[in-house]
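Two complexes follow with chain A in common, the first pairing it with chain B and the second with chain C.
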Partner chain A sequence: MNYVGQTITILRKDLSLEWRSKERITPMVLFVLLILLVFNFSFELGGAVLSEIGPGVLWSAFIFAGLLSLHRTFASERQNETLDALLLAPIDRSALYLSKMLSNFVFLLAVQLFSLPPFCFFFNLSPEPPLLLLLPVLVLGAACLAAVGTLFAAMSIHSRLREQFLPLLVLPMMVPALISCIGGTAEVFDQTQRFAIGDQVEIFSDGLVTHLQMLGTYAMVFNALALMLFEYIVEE
Partner chain B sequence: MSSSAVVAQGVSKRFGAAAALRNVDLNLNNGELLLLAGANGAGKTTLLRLFAGLSRPSQGTVLLAGTNPVGSDRRGVGFVSHQSLLYDELTVVENLTFFARLYGVPRAHERIDAMLEWVELGDRRHQRTGTLSRGLKQRLSLARSVLHEPSILLLDEPFASLDRRGIRLITRYLKSLDGVRTKPTAIIVSHEIEPTADVINRVVILRRGRISLDRAWNGGSGVELQKLCDHFSEAETG
Partner chain C sequence: MRRHLNVLVESGLAVLMIAALFAVFVYVPSEREMGVVQRIFYFHVSSAIAAFVGFAMVFVASIQYLRTRRENWDCLALAAAELGVVFSLIVLISGPIWAKPIWGVFWRWEPRLTSMLIAFTIYVAYLIVRSYTTGSPDRTRRFAAVIGVVAFVNVPLVYYSVNLWSADQQLHPREVELAPAMVQTRYLAFAAIIALFFYLLKRRYELEKLARNVERLDADLPLH
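== the complex of A and B ==
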């Protein structure tokens, strides 16, 4: 079986397991909704304040919800030591990384997309067309978090304290990407609000493009590093 | 002339301060069926995991078909572990199909049907694996391990949780390997000694991480083999 076939086979298996168990998506969705609800009662968001605080609220919810799920990336393969079966199979180690990263990406993006309507509702953000520009920010943000999270989930797999260990590794490493996620989201919220009051908007502002480039570069560099290092990390 | 399928040269394995294996030398020729016995904590599973390439020795060399098994292509290995190595949420047939794809098993459907027939799980093919009893899961685990027709079988407690019928299925399979043109090499780690007596042709006993007996087994009763293992393994006492 070729590299793509190996990746797809493991990815399909992971998606199929999640579809049946919902053990990763459900806690993530509930967690994001809970955070949005708490912030909704804590801050009176709206108007200009939304662009300043809203992106931070949104990405805090995404990151912490993501961490809930990321440690399950390989923990689920330890249940019946199925990781041993995967390591014994004639598959490229990087295909194993890629499939795990892609499944994390799908789960994170699904939760992000699911959370947007409640966010707009709670924080009075009208869903105007410029809000679609948030899609590339979400996609690249999820790709960055999936790459970092998958690699460090593999590193912490043999640790009994992996639940505590993983956030300590992931959060500092995600800071550069997180700054761009929040910056890009703020740009999109700003454009959306200006559009709603009839102001002229710039589809891809310089600020947004810079943040997207930063996220794209981060995701590429981290994935390239992970693809090279994964073999040494996952083997004992 | 026979060639070495599995080699351990001066192998030691430590877990922190505890030594699980001490300077083990073992050489298995192609087609040999070895019983690896010993008391709890003697190092049997540790040695098997080293042969599978799932662990690295602290000292010494392990070779599987002439290469270091860690990180290399181990498609020729069939491995049964204490754990099932199966996905509980997938059905019986989905588990086998998944591994058949990973191993690129030709005519996978036919092979899976044959395996399910062998382990007598044909009528449970669409049952979720997590709902199977331990014994049935163990049968499925065995089917998974030989699905790709491996040339080296590493079986850690293959008889665990199995009833007499299940044990017969395995011993019959192992006996049937005699008729195979390229007979696989097998290492069976087991506390159930008697069923292996008319299957194996060599017995190695580990005691406190060292080989205390290594001799050919040319047939004999299960009781004799059990006595031999008891004598050379002895309970690990502090």
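== the complex of A and C ==
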């Protein structure tokens, strides 16, 4: 089997497991909603301040939910004692990384898409067409988090720090991506609100493009690093 | 012979540091606008450079460890990371002492401060990860090396992105024209801090190697 075939096989395994059990996406979506609920007690989220603190709230919720779930990337393989089998299989180690990263990417993006409608609903963001611009921000943001998260999740299953391992490393490492996720989202919310009251909107404003470029760079750099370094993490 | 050399190096370092202290507190005139508190800058800037030298050394030593698997590189990475953290702590403490009278606040979320803080947290996390077992020392060393590489690549990305976000624009003085006495003092303080950095690095590195030798000898002993 070639490299792409190997990657797709493991990816399909993980996706069909999740399709049947839904044990990662469901709790994550609920978790995002709960965080939004808690934030609602601290800030009055609707209206004018939405584009100021809304994006930060939304991405905090995404990243916390992601952190909880990312630990399971390899932890579930370990619980079922299938990790050794995966490592013994005659496949490239970086293909293992790639498939795990892609499945995490799919889960994270799914969670974001599922929790966006409730966010708009509870915080009075009318879903006008400019909101579609959020899609590239979500896709690239999920790609960044999946890359960093998968790399460190492969370490977290061995560390005595256990669940504390991931937040300790992922949060500071994600700062560059997070800044652009929040910045890009703020741009999109701003355009959406302006569209709703009939103002002129600017598709792909300079700010949004800069943030998307930053996210793209970050995702590429970290995926390249992870592909190179992954074999040193899983070697036994 | 080696002992004599050590004494020589240590006395040289002591002389250099006393000279730097003398220059900073006595020789150099106070800055016209900021006054006496500006003198902190001589240690502040040098420590920031020393911290980044430490982080860069973690990066190089980590790559070398993954390539060669020689434990010495791992000892070097650990020593450099610890010193990087210590010197960035000096930066993060001396900065606000200067900032309070000049900016009126201890802290502003300005690009360089924020970047330094983030780098500091990443390398503290690196040290925490190292101090918890992962089941085998070899594995811990490999994990540490991977983090050491990734963390350093992240530093320029952090700096760039924080600039992109920054609410407060760049507040650090750029291209300041210094009086000759100030320039001399700056170079002297820089030399003293960098010499201290490398001296501590050498001592910490040797200590780590000794500690690991003891551990190995201990493991070879029959059960006590």
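Convention: the second predicted complex is superposed on the first by the 232 of 236 C-alpha atoms of A that agree within 3 Å, B and C clash if a C-alpha of one lies under 4 Å from a C-alpha of the other, contacts with A are read in each partner's own complex, and residues count from 1 in each chain.
Going forward, a contact is a pair of C-beta atoms (placed from the backbone, for glycine too) under 8 Å apart; a residue touches a chain by one contact, two chains touch by 3 or more.
Treat the numbers as computed from the prediction; the structure is a model and nothing was measured.
Q: For A:Phe64, select first, second, both or neither according to whether it touches chain B, chain C, the two together, or no partner.
A: neither
Q: Looking at A:Thr9, would you say it contacts chain B, chain C, both, or neither? Reply first, second, both or neither.
A: In the superposed model, A:Thr9 contacts chain B only, not chain C.
Q: According to the stated criteria, A:Leu169 is in contact with first (chain B), second (chain C), both, or neither; which is it?
A: After superposition on chain A, A:Leu169 lies in contact with chain C alone.
Q: Just checking: does A:Glu235 make contact with chain B only, chain C only, both, or neither of them? Give me first, second, both or neither.
A: Both partners, chain B and chain C.
Q: Scan A:Ser21 for contacts with chain B and chain C and give back first, second, both or neither.
A: first
Q: Scan A:Phe195 for contacts with chain B and chain C and give back first, second, both or neither.
A: Touch partners of A:Phe195: none, neither chain B nor chain C.
Q: Mind working out whether A:Phe114 is in touch with chain B, chain C, both or neither, as first, second, both or neither?
A: Neither: A:Phe114 stays clear of chain B and chain C.
Q: Which holds for A:Phe43: it touches chain B only (first), chain C only (second), both, or neither?
A: neither
Q: With the touch criterion stated at the top, can you tell me which chain A residues are shared between the chain B interface and the chain C interface?
A: 235.
Q: Per the contact definition, I'd like the list of chain C residues that touch chain A in the complex.
A: Touching chain A: residues 66, 118, 121-122, 125, 128-129, 132-135, 139, 142-143, 145-147, 149-151, 153-154, 157-158, 160-162, 164-165 of chain C.
Q: For a test of understanding, state which residues of chain B touch chain A in their complex under the given definition.
A: For chain B paired with chain A, touching residues are 52-56, 70-71, 73-75, 77, 79, 81-90, 94, 98-99, 101-104, 144.
Q: Which bits of chain A are touching chain C when the two form their complex?
A: 151, 155, 158-161, 165, 168-169, 172-173, 175-177, 179-180, 183, 210-211, 214, 217-218, 221-222, 225, 229, 232-233, 235
Q: For chain A, which residues count as touching chain B in their complex?
A: Per the stated touch rule, the residues are 1, 5-6, 9-10, 13, 16-17, 20-21, 79-82, 84-91, 93, 231, 235-236.
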